[in-house]
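Letters A, B, C, D, E and F mark the chains as written, and numbering starts fresh at 1 in each.
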Amino acid sequence: MELLITLFVFVLYFGGFYLMMRRHVFEVLLGTLLLTHATSMLLIAMGGWKPEERPPILVPSAELPLSAYADPVPQALILTAIVIGFGVTAYLVVLIMRGNEEMNDMEMTERPREEDEA
Amino acid sequence: MLPFLLLLPFFGAALLMLLPRERLSPLIPAQATVMVTLGCLALLGVATFLPPSLELQEITGERFHHFHADWMPSIGLTFSLWLDGPALFFCWMVLGIGLLIFVYAGFYMDPADSPWRFFGTMMLFMGSMLGVVMSRNALLMFVFWELTSLTSFILIGHWHHKESARKGAMRALVVTGLGGLCLMAGIAGYFWILSTASAPGYVFDPSTALNWDSLWANRELLLNHPASVACLMLVLLGAFTKSAQFPFHFWLPGAMEAPTPVSAFLHAATMVKAGIYLLGRLYPIYWSWELWLILVGSAGVITMLVGGFMAMTSRDLKQLLAHSTVSQLGLLTAYYGFGFDRAGGDKPLPMDLLLVLSHAMFKGALFMIVGVIDHGAHTREWTRLGGLRKYMPVTTVLTIVACASMAGFPLTFGFVAKELFLKTALSLHASSPLLAYGLPAVAIIASLFTVAYSLRMAVSPFFGKPRDPSIHEHDIYSIEERGDAEDDAHDGSDGAASHAHAAGVHEGGPGLLIPPGILVLACLVAGFWSPFLGDLLSPLVNAPFYGTESGFTVAFFHHADKLLWTAVFLFGVGVLVFLAGKRIMESYERAGSPAIFRHAYEAIFDRAIPSLAAWTARTSQTPSLRRSIAVFFAAAFGIVVAAMGYSGFGLPGAIAIPAGLWMATLPIALTLPCLWVAATHRVLLVRVLAMAPIGFFVAMFFVFFRAPDLALTQILVEVVILIVLLMVLFRLPQRFEPRQLRFDPTAGAIALVGALVMAALTYSAMGSPWRHAPTLEGQPSVRDYYLGNAKYPAMTSEEAAAIGYPGASNMRSGGGTNVVNVTLVDFRGIDTFGEIIVLGISAIGVLCLLTVNRRRRSDNWRGGALDDVGHVSDIVNPETHRQLEMPYRAWPSPSLLLSEIGRLAPGFVLIFAAVLFFAGHNAPGGGFIAGLMVSVGLAMVLIAVSWTRSRHLERFDFVRLIGVGLLVALLTVVVPELFGLPFLTSGHWHFHLPLLGGGEFATAAIFDLGVFLLVVGATMLVVQKLGKE
Amino acid sequence: MKGYLYLLILVVGYVLVAGVTPMNALFAAVIAVAIIKAMPQFPGHEKLSLPGIASPARMGRIAANLAAFSWDFIVDLTMANLVIAWEVWTPRDRYRPRLVEVKVDDLSDFETAMLASRITLTPGTLSIDVTEDRQTLIVHAMYPGEDTEASLRRPIDLLRKGL
Amino acid sequence: MEYFTLPLQLAALAILGLSLVLVMYRVLHGPHILDRVMCIDGVALIVVCLIAVWNVRSGTTFFFDSILLLAIAGFVSTVAVCKYLERGDVIE
Amino acid sequence: MSLSDALSILCIALIFAGLFFVLTGTIGVLKFKDLYTRMHAISKGTTFGFMFVLIGCAGLMGTPMDMGKALLAILFQFLTAPIASHMVGRVAMKKGIRPISSPDDEAPGVPASTVIRAPGAE
Amino acid sequence: MTNLILTPILLPMAGAVACLFLRGSLGAQRTVAGAIATAMVPLALYLLSLVWRDGIQVVRASMWPGGYGIVFALDLLGAVMLCLAAVTFAASWWFVAAGAMPRAQEKALVHPLFLLLGAGVNWAFTTGDLFNLFVSFEIILLSSYVLLAHENGRGQTREGLKFMLLNMIASIFFLASAGLAYGMFGALNMADLAVRIAQAGQPAAATVLGTMLFLTFGAKAAVFPLFFWMPDAYPKAPRGIVAYFSGILTKVGVYCLYRMFPLMFPAAETFAGWFQPLILAVGAGTMLVGVLCALSQMTMKRILSFHIISQIGYMIFALGIFTKLGLAAGIFFIIHQIIVKASMFLVADAVEVNEGSQELSKVGGLVAVYPGLAVIFLFASLSLAGIPPLSGFYGKYALVVEGLVRGHTFYVVVSLVTSILTLMSMMKIWRYAFWRDRIRPANAPVHGNRGVIVATGALVAVSIVVAVFSGPIMRLSTATAEQMIDREQYVFAVLGDRGLAALRAAEEASKP
């Protein structure tokens, strides 16, 4: 699993980084989505993977050792990160829309003119 | 006493700044300034004549008034003042001349010409100058040193409407500021040398290390350190720039754009002497170095020569004086330069108090006189003036006497000083004959110029016929001549002068003549009584610094043999030079004045640096978003790769993949084409759709990693983001333009490196043995702690006591079996608290974006997604699909089926959300997931039935819901405080109800409720506002 | 009536998922009522407040008809999938698709919707849309025959009887 | 449970994997955007099945919520995209 | 062989039956020539397969709650799958994608037997 | 009062909630926000005195022991930053409340957003957990995005987008680094992490992790190659609030760097070999590039924005020196910089509010009309340029001395060159806007607003206070630096004696 998740992380990061560097803002937005995914994958990998693990939901009846459960810490972190990413993305999406509305420019190569500062 | 003396002018300045200037007479500033100066003089008098009752200075062996307060002893900055000899002398000089000039300025300046600012700044300057000379600590001196530069800047630019004034001020500031920085670096260098030096018996004390006396006492350390030459150079740069020494002399003439009192006070009498003063302080340390001679001596004589020549060739009397000041400052500098290996023995020269004093007197007077001439004749160009003696008799007399002093004519004070200088120059001995004879020779040539321009000053304006008769008429050509016709209200050379245009050429009033008159008189008196003056000043030269036998032995014709002949020679040839002066000037002007150093300055500061700056801004700063991001990535990855390379970051060996896991390669393999489509397709919507499976695959990986909560959240977030994206999408252009689709190899390469870096980090971190190792001494790892304490209390009372909350042990446990949820609401509840705030802010932000100042520009608005996407030929493949030739028209209403059955479905969603919410603590779910679920359900309702059938959702104030959610969460965070517990402490109880069975309740559930409400509010606010667009 | 059915489904759904305890049932009822009351567009919102209790006989008839409807449905569904499977797994393409109209002018909106769903899950047919006047259901049929329209209307009767 | 042996599991997963690949072809290739939309729903269902089988394989039941959610997700996204394509606005 | 064993085997059989239908649906999606016919495949095949797989898996795992969730999911799916396909078909019609009338129909005219009244055309 | 150190976080949050409920009334919002903004200053000062007197203050969220639950720990560094944030916040708030922006805009939730921003900043200064720091960063960033684009015109959306995207990248780096910190060392608590890094003895992993964190916080602090998001965005921020942006937000990044390196990566083999050259080089580049870019700008706020960057370079340089005196100089510099930079922006805003523009080509001759503003500007700008005896000098000088003593001569030279260029560009503003003949843009508002000048003056007065009490403040900085260097204090406060013992043992073991 280590190799696989590494591969997945690689693929997602590659796509994310590449899209972030494109000229069209919408591609950049997709890039941020991919980067969020990639980072989630990176974080989930940090908990390690063992074949016999169970989800970190305790089974009171079965006296299982703690090592039988998956690491809850990265999961909690990712949950927080996903939510934050969600909030940021929602805002970003609307910002892009507004930016396009105002500047009529999806590429963002020019600085807005200073006389806009009225 | 000393602090009062020092701070009095500052208080005065502050007072002038704070007084209500509208209501008070504009004469008050001048009067106040004079009063303050008098007050300072009084204090200084007391300090001078009251014997210092304080302790004996160990090093200097003399008794001074001194004052010490710690400021920042660790970096060598202490508030140490003293009134040793030179300080005392300079204080008297500053205050004395200051008093005269302030009186003069009171009459000179137009009361309408910002007198508050002017006198306030003048006072500030006076205080700073006092600070410079009174500081015992070199760094403290630097503090005031910079203040003088600054006040000078403001004063030069007093008439800021003139471009030349602004330029001159800027130039003065930059040059002196640069020098100031060098000085600071030099002082820092001293501190460095002293702090790292070691010598037998030497103890480094940062608080006193930079005192002048301690610098002198430790001069051996300073001289023998390898960096001492660099330090010397730096400090000298400071002094040279301040005193306008070659090659930094050019700023001083430019500074003459200032009002005349300023020129007289700052740029003739006092501020430019600060550099000389500094040389005087350093001289006892360095005098035995030949390097000192080379640097200081040659700078001095060259400045003398250049200044003298420039003065000769000036038309403007004020410029003439400015250049003469440069020249005289060169003389003062050269005086110190000549200290090396004097014939008289291994004794350093006495401090040049006589020279300084004499220069201050005659130059201050002359500047004021030029002001009077300007005032009376409306021009300062001697090529226009002439025969003024008829109109300005007093001025004529004063000028002649002052110029005599400047030229060093016998019987004047200037002669005494000049004699002292020539004596020193002619007795110079150096290792190289070039120095030993060259420097005095140059100095003597420069002195010729001195005679010549003194004559020019004294003769040309006053005798002969007016060279330009028009100046007697009532015109204002002088204004035009100086090229600032733009503003005649404030123009003229001086403010007051402009009022006098109508009066023709006239003598100045008594207020303008008495102050220079006093100075001129003093020149004469001091000349006659110079032996007495020498006796008076001698004790002020600190004996230990300058040798026990130091001091001035002043007499006329002290060394009658050589000096007399030299003087005669000087005057004889000087007159000849004067006679040839006009021709020299004209040919010089024809040749075009080279002004190399000013041009060099301009080339550097007005052209090179701005263009370098513009270049930097152009290259480093791009408006393009894409390039910003690319550079950002490239830099970041480059640094990380370098870090890996440096640290020998390695990867653990490959780990075999268990058989059943090979299927996990499938989502990875399928992600690649998804990425391909997401990166290359022409239609935005298709790219969005291509992202959706990636989200599912990520959720799959969460499943592989046993993270049910994450899978749930991921899926829900994916859906909500899709809905939001779709709501926005049709306000964007629907398709990419072909040039936007080109592959970008650079981006690809950077992304490849970045992805490799991240993957390598992931892989190596997964192999780390430290993650689940027990932390500290026998404490469980974080993971084990969370798992172990989520349901059952594991904390003993001792442990509870150990962390400061005895008695808390019984309460402590998460009280739930879903460890992730317990972590979210309990172990790391504060993270969740922050996260919901982020969500709330984001929703509010969307609200703001959509409502505040919304101006939609119609031409920018690209709507009409329907047709745009529908008829795109590359979507509807023309080979396989042709337009349906059926009269099938658009439906005006939404789908019947969707609204009939689609509205059943949300009920399931909502009820399932309730399940997830209540189950959350013990099974996958929780407030956040339930909240998203409810939002999805509500969004589904809206999609199915449109706003018309859900008015209450349309009108609902979700901001308030966000507020309620935040409030609930905040209360759960804060309430434990009331019980004296740390915030967010939760408790949980089992309860049993009849008939219904038992249950469990944790206060964390209330927190979860807050989360739930906020999530619903935030998500729905976004959906609502976007949907109503 | 529809409201109660919906309520029942919701409560059962909750209990099924959350565990069969009285506590959960109570919870579920409260939440389900709240949901239905809060969302006026949910079926039954208007009628939920009426205390109309059907007679046991009628309830029994409804249950029986529902069962019949369900059985019919399951059979049809299975058939549909087998047909698709046959079409997919045999090399020859047999389908001759057409668009077919089904008159639904005598049905209420909800019944139309139910029928359309039903049609989608029957062999070889897929409901595409209802015309604007709500008179006709447009159906895509893989194997249209003469009796397609009639056979498609068959579930309506079952439905009619059921509710 | 013990009858669901590893080969069977792998076979089940392989079938699902194959289905996933096939349906992904439509998602990625189209040709019409509606094909993609329709098949995304299919992807969601197949992923659901994958998760279900995986659950059985790893012996946990905590993923049934995800299953329900994925089904909901597939439906909502399909409807939303269709509505977008049809009317330009998702919520009107 | 106990009852539970039998049930297990039944469940496994259900799973594989479901998988068969899922695969059928997906192959159909690949094989059929136009959008509408593909919709047949996906809306029937995968939904049906999904039901079997879910019931099978829930049966194997055994807790009633899981079965409840599976049933809820299936119910939901049956409720929504027709709607989804209807939405797709509706948009397809609206976008003017014409259905083919036979598998080898590449560029046919309007199918003769089909009469579609345009709403509001009269 | 167990939770006193959390009041600076919770109080503004409560205020924000109240403002959300009082959405209809601007007056009520102002009352609430103003009361909180004002109360924060004494509160922060009290907390500073508390920390000064009693040592590091620790609160353990939900009572979980340090290393497991989230720990909030306020040491001197954090307390100093809290004070600065509170002062800047108050000044900035009063500027807004004096009517710097149109009423309708101000009513549109500016106050709650600003309060949340303040809460987030205070949070970042207080927390002791790496991931929690990330969360607080997100609060800060999202509220600053929203505030930045709030006015919805003047190209704010576009600049807001750039600001947001580049910060998002930094956030992603942060998230990845936090994850890696857990993955590599198994801890998120910063003290725990410090102990574990020391225990693990894996310089390679520590180096890479530290580099990632450096990039993250460097990006937030707008250091040289990573600063693109900032100079275009800040001039577009709402009037008044921009002072808080400029004063505090980038310094949060600097604060994190100051927190991170002494605590986690002081080990010689990682720091001296890699981090020090890196930090110094980045610092030098930041100083120079920032100031050079500033020189070529023609609007006040853009000039000032680039100066933020340039001055960040000094702080980074101070970190690179990494000695007690160097860090003390850096902290002094931060103290000075936050206040002065905020007041500079307020000056620019005051000009904009009164004259309708802050472009140098459009305004001129202000010294005659607004003498008070001119004095304020002069104090602030000279202080920024490091002219003694104003507050900018001391930090700079201490930096120069310590740089020379530690042999970083090249960087000292760079800092001096930067200094003169700073002076030049400050005087450029002075020359254009304050000197010259009076120019007034056509769209200048009819009625000036003197209230904003008063708010500006108050902040400048604080900077003068800093200059006057530079001695005590230098002592405070030195004490702070001592506490930073002596990481055992922090570890002990957070983890107790077991943590301390573990740290000591690890340090013993790592010594050859």
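As a convention for this text, a residue touches a chain if its C-beta (ideal position, glycine included) is under 8 Å from a C-beta of that chain, and two chains touch if they have at least 3 such contacts.
Just so it is clear, the model here is predicted, and its values are computed rather than measured.
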Steps needed, at fewest, to go from chain B to chain C via touching chains: 1
Contacts common to chain C and chain D (chain labels): B, E
Higher-contact pair (C-beta pairs counted), B-D versus A-F: B-D
Farthest chain (mean CA position) relative to chain C: B
Computed distance of Cα centres, chain D from chain A, in Å: 21
Chain A and chain E, separation of their C-alpha mean positions in angstrom: 32
Centre distance in Å when chain C and chain E are each reduced to the mean of their C-alpha atoms: 16
Whole-Å separation of chain centres (CA-atom averages), chain D against chain F: 48
Interface hub residues of chain B, defined as touching at least two other chains: 623, 625, 629, 633, 704, 706, 708, 758, 761-762, 765-766, 771-772, 782-783, 786, 827-828, 831, 834-835, 838, 841-842, 845, 849, 870, 876, 880-881, 891, 895, 897-898, 901-902, 904-905, 908, 912, 923-924, 944, 1026
Contacts with two or more other chains, residues of chain C listed in rising order: 9, 13, 17-18, 116-117, 127, 129, 132
Residues within chain E bordering two or more other chains: 20, 25, 27, 33-35, 39, 47, 65, 69, 72, 75-76, 79-83, 85-87, 90, 92-95, 97, 116, 119-120
Touch relationships between chains, expressed as pairs: A-B, A-D, A-F, B-C, B-D, B-E, B-F, C-E, D-E
List of chain D residues in touch with chain E within their complex: 1-4, 8, 12, 15-16, 18-20, 22-23, 25-26, 32, 34-35, 37-39, 41-42, 45-46, 48-49, 52-53, 55-56, 59, 61, 64-65, 67-68, 71-72, 74-75, 78-79, 82-83, 85-86
Interface residues, chain A side, partner chain F - complex: 20, 25, 28, 32, 35-36, 39, 42-43, 45-47, 73-74, 77, 80-81, 84, 87-88, 91-92, 95-96, 98-99, 101-103, 105, 108, 111-114, 116-118
Footprint of chain A on chain B - complex, ascending: 623-626, 629-630, 633, 654-655, 657-658, 661, 664-665, 667-668, 671-672, 675, 678-679, 684, 687-688, 691, 694-695, 698, 701-702, 704-710, 713-714, 717, 720-721, 724-725, 728, 731-733, 736, 740, 744, 746-748, 750-752, 754-756, 758-759, 761-763, 765-767, 771-772, 782-784, 786-788, 790-791, 817-820, 823-824, 827-828, 831-832, 834-836, 838-839, 841-843, 845-846, 849-850, 856-857, 859-862, 922-924, 928, 1018-1019, 1022, 1026
Complex contacts: residues of chain B adjacent to chain D: 659-660, 663, 666, 670, 673-674, 676-677, 683, 685-686, 689-690, 692-693, 696-697, 699-700, 703-704, 706, 708, 711-712, 715-716, 718-719, 722-723, 726-727, 729-730, 863-866, 869-870, 875-877, 880-881, 894, 898, 902, 905, 909, 912, 916, 923-925, 933, 936, 939-940, 942-944, 946-947, 1023, 1026-1027
Contacting residues of chain B [partner chain C, same complex]: 891-893, 895-897, 900-901, 903-904, 906-908, 910-912, 914-915, 918-919, 941, 944-945, 949-950, 952, 993, 995-997, 999
